[in-house]
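These are the structures in question, set out in turn.
Same chain, two partners: chain A is paired with chain B first, then with chain C.
For the complex of A and B:
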């Protein structure tokens, strides 16, 4: 075994394993933080969160289309990112509209949580219908060039390539590369900035501290003079913005589908519950645990293994912990195990 | 007129609309499906309405019930059993040993701190999985490669080849047994934690059934599955031999539909008998001391525990009982469709829609659950043709008004999405104006 092969194995692991886990973990984190904030402050499981993400992605797609039609294009920034602020605004608008027209009534009635859960399921149904009604049932690509008759041709994503030439000069046989596409890079940057910003907001600002207070004890927060209405407003603003960012970046990384985020909803809930209800950074931890677990449970270790052992010991068949088809079940196995170990999540969340 | 009578008339009106606007056989199919679904909703009513357990994993039990029909009624594939039978048996023994070990650990709770015990149980479980996996992988490969006389059955172990009605019963039993294990693990959890845990376990069950091709044929699906009564094909063959004219003019039944209609009516009769028996039994249970005890646990479990009631045990009881009905309903649905397709079990259709049925109908009230199931199911099916009609005509009108306007090419596909919007609206309207459902729980028990 040569040192170059060890490097090969490491870089391969980084490229195919860690990077994918970080990507899906970031998406989950952006969604799960919103879910756990709503859980903690409004006190219900918001089942429509996944569809808010899809809605954000759809509005970003229409924004991208419009920008391209106007001929606006700033290289090398993907046009989808230019449309993102508008998509976030539209998604926040939708969230506030739903809150005012549906949830506010039940809040005023002081309805029990199950009423909110059921209404959020109703909202999910309606949103899924509306999304398909205006966006159609097909898939849509974010990377395209417009040709004259208005047709869209697929275009390759801008990408960063690290081929570590300086390493292969020193070590014979080192040939692995790391590839990060523009949406992935944007995702990592946005996630880091958003989570850092959220941390500062929740710990340093008056409003953020107010949000935590309402999450801990609403009545006590109210008589201490905290404006609960404003806290609710900002919960939706933060949740909606993060949902739009996550949905759009996921759609840019793969493609827009009407069921884009509904598939993510269950793992995101697993992440939020795993971290403990009402604990934003518990949700982030849960999200990355889920992302890592589902990536590495189905990760095929064969290539890494073959780099590390002599040729005659090479494995021919896949070396995965569980078959790839079971990827979707992995987060829930972890969730159930965590809940057996700690019934209110890793960071001891609230019981509503 | 009582509320129940109005509700019944509403259902009759919807049914007759389907009968005359669509077709008699379609309306009968909708009704048969609605009755089977009503059994599932009754099961959820036991868990939530009687027991206050937030089970968001309905689809797992429905799918298990569906699989049980395959297990019981599909003929075995002898070649696959020759190749893998002994391996499956030894894997099952290993699974049993692992579970006994986990159970034995639980008996040690007097000597070990709880966290250590849980950790040890999880470790034993993982060790058991690894121990079992090697053998199971080999067995599955043997089954998949065994040559079969019927090439379409290759890689599938088949079932037992017994009558399908037994499969319905086994559907309930299988779902109940699995629910006992799930309840043992999760019923210590509170409200939302329980909901998400059950949601997750249902996903695990679904993923397993979808991918265990050797056991369920996965995405290849299993069909045909038998009916407990003569299927439309049987009855049609019989009528063809008779050769007469079987049309019923005043009921709008054409001669070639008569066999299908007759067969579906027989299916509906069996389903309705099961449903009525269940409702009567459940009403009796609810009025018994057991029912009052369940109410007290649901409304205040601390007080009930202080009175000496074993809350966890009773909750496990209702969880299992509810799951039995869900399994039975799932088995009936699979039989009705004559098809077991594990990838069709999706949360919106088999968990959220079931919840919508219970909430709209009125949780805590068995008649409400039955009403909700039939009403929402008919609404779900009928909103599609109605919106297709409205959309296509609307598009034609718009095209006439604005020249050069082209409707989107996938207009029909988009119109079919109206059904989820209709159900969502029905749910929201009910929550707003009748939060306890159309037929609320009786006796003025305090609302939740």
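For the complex of A and C:
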């Protein structure tokens, strides 16, 4: 075995393993933070969160289409990112509309949590219908070719290529590349900025501290004079914005699908519960743990293995812990294990 | 003597269940009123009713001459009332100082002055200002709770069993603090299980039973009343 092959294996592992885990972990984190904030403050499991992400992605798609038709662009930023602010605004608007017209009614009646959970499941179904009604049942690409007056206008996914030229010059046989696309880069940057900003907001601002206070003890918050209505409003603004960002960036990285949220809801809830419900940064930790576990459970170790063993020992079939079709079972198993061993999560949140 | 708080004929409860059957509660400006009575007499319920947390079926409540029936807690805080409930009266995951800041949520410009005042009353809290309130001892938690209610410099401080579960020494500390706060002309309406000690510092005492006033008099007179002593104060120590 040559040193170049060890390098090959390491870089491959970083590219297909760690980077993928970070990517899906970031998506889960942006969603799980919203879920955990909503749970902490409104005290119910918001099952419609995944569809809010889908809705955000769909709004961004229509925004992108419009901007492309108007010929508006800022090189080299993908048009989808330009549409993101509007998508976030529309998603927040939808969240507030649902809150005012549905959840506020049950809050006024002081309904028990189970009523809210059932209501949020109902909202999920309505949203899924609305999403298909507006966006159709098909998939949509964020990077498409626009035909206008017979002219074909392409937009391609900008990408950063790391080919490690220096390494391949020095180590004969090293031939790995890492490609990070613009949506992936945006995802990492947005996640870092959003989570840092959220932390500052929750620990440094009056309203942020008020949010944590309501999450701790709503009655005492009212008695103290905290404007609980405003706290609820900001919970939806933050949750809706993060959902729109996550949905859009995921759709830009892959594609928009009406069932975009389907594979997200379970891992995001697993992350929120694992992190301790009501604890935003617990949810972030949970999200990356779920992302890593999921990625490495279905990770095909064959390439890495073949780099590291002599040719005659090469494996011909996939070497994965769990077949890729069972990927969704991983967060499910994590969720079950957490609920059995530590239902308050690793950071001791509220009990569901 | 002008009445800072005047609650008359309170009738109310939880849903269909009526707990308050027409009790009166008053506090003179800058004085201390104490409510005593058996468990379940409706003392906490009366406090909640005054602080707008319980819909009233009948009765009137005025604060500094103003009708406050139907006002939200937020409005009452702005008017100059502070309330420390009996249970769960701190934000456990918030730091001590953040707990205090929440007391002046409606008026951010008063946070600095409020903190200065609260730390001068409770120097022990200043040392613990960055610690989550949930990690404090019972006595210190009670100080945070009282401090939070004092942040807006209220004219009336309402305390529901501030010494429950505390050692006799800490109980005396809390009573000393209440007296100190009262010296600055803050009216106090306090529910207490330690009836004898509480009535000793009371200008007016209310003995409540099943949501009604059983006895109303000065603290001194209630302590001297053999009837009250026999049923509510236990044996003299």
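Here, the second predicted complex is superposed on the first by the 343 of 352 C-alpha atoms of A that agree within 3 Å, B and C clash if a C-alpha of one lies under 4 Å from a C-alpha of the other, contacts with A are read in each partner's own complex, and residues count from 1 in each chain.
Everything that follows uses one rule, which is that a contact is a pair of C-beta atoms (placed from the backbone, for glycine too) under 8 Å apart; a residue touches a chain by one contact, two chains touch by 3 or more.
Small disclaimer: the values here were computed from a predicted structure and weren't measured.
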Of the partners chain B and chain C, which touch A:191 in the superposed model: first, second, both, neither? neither
With both structures superposed, pick whichever of chain B and chain C touches the larger number of chain A residues. B
Classify the contacts of A:225 with the two partner chains as first (chain B alone), second (chain C alone), both, or neither. second
For A:340 in the superposed arrangement: first (chain B), second (chain C), both or neither? first
Is A:210 in contact with chain B, with chain C, with both, or with neither (first, second, both, neither)? second
Answer with first, second, both or neither: which of chain B and chain C does A:129 touch in the superposed model? first
Overlap of the chain B and chain C footprints on chain A, listed as residue numbers: none
Where on chain B does chain A make contact in their complex? 54, 115, 118-119, 121-122, 185-186, 188-193, 195-197, 199-201, 203-204, 207-208, 210-211, 347-348, 352, 355-356, 359, 408, 410, 413-414, 417-421, 423-428, 431-432, 435, 448
Note which residues of chain A are touching chain B in the complex, please. 39, 45, 47, 102, 105-106, 111-115, 117-119, 121-130, 132-133, 136-138, 262, 266, 269-270, 273, 277, 323, 325-326, 328-329, 331-333, 335-337, 339-341, 343-345, 351-352
Chain A residues within the chain C interface of the complex: 206, 209-210, 212-213, 215-217, 219-227
Can you check the complex and tell me which residues of chain C touch chain A? 51, 53, 72-74, 77-78, 83, 85, 88-94, 98, 101-103, 105-106, 108, 148, 152
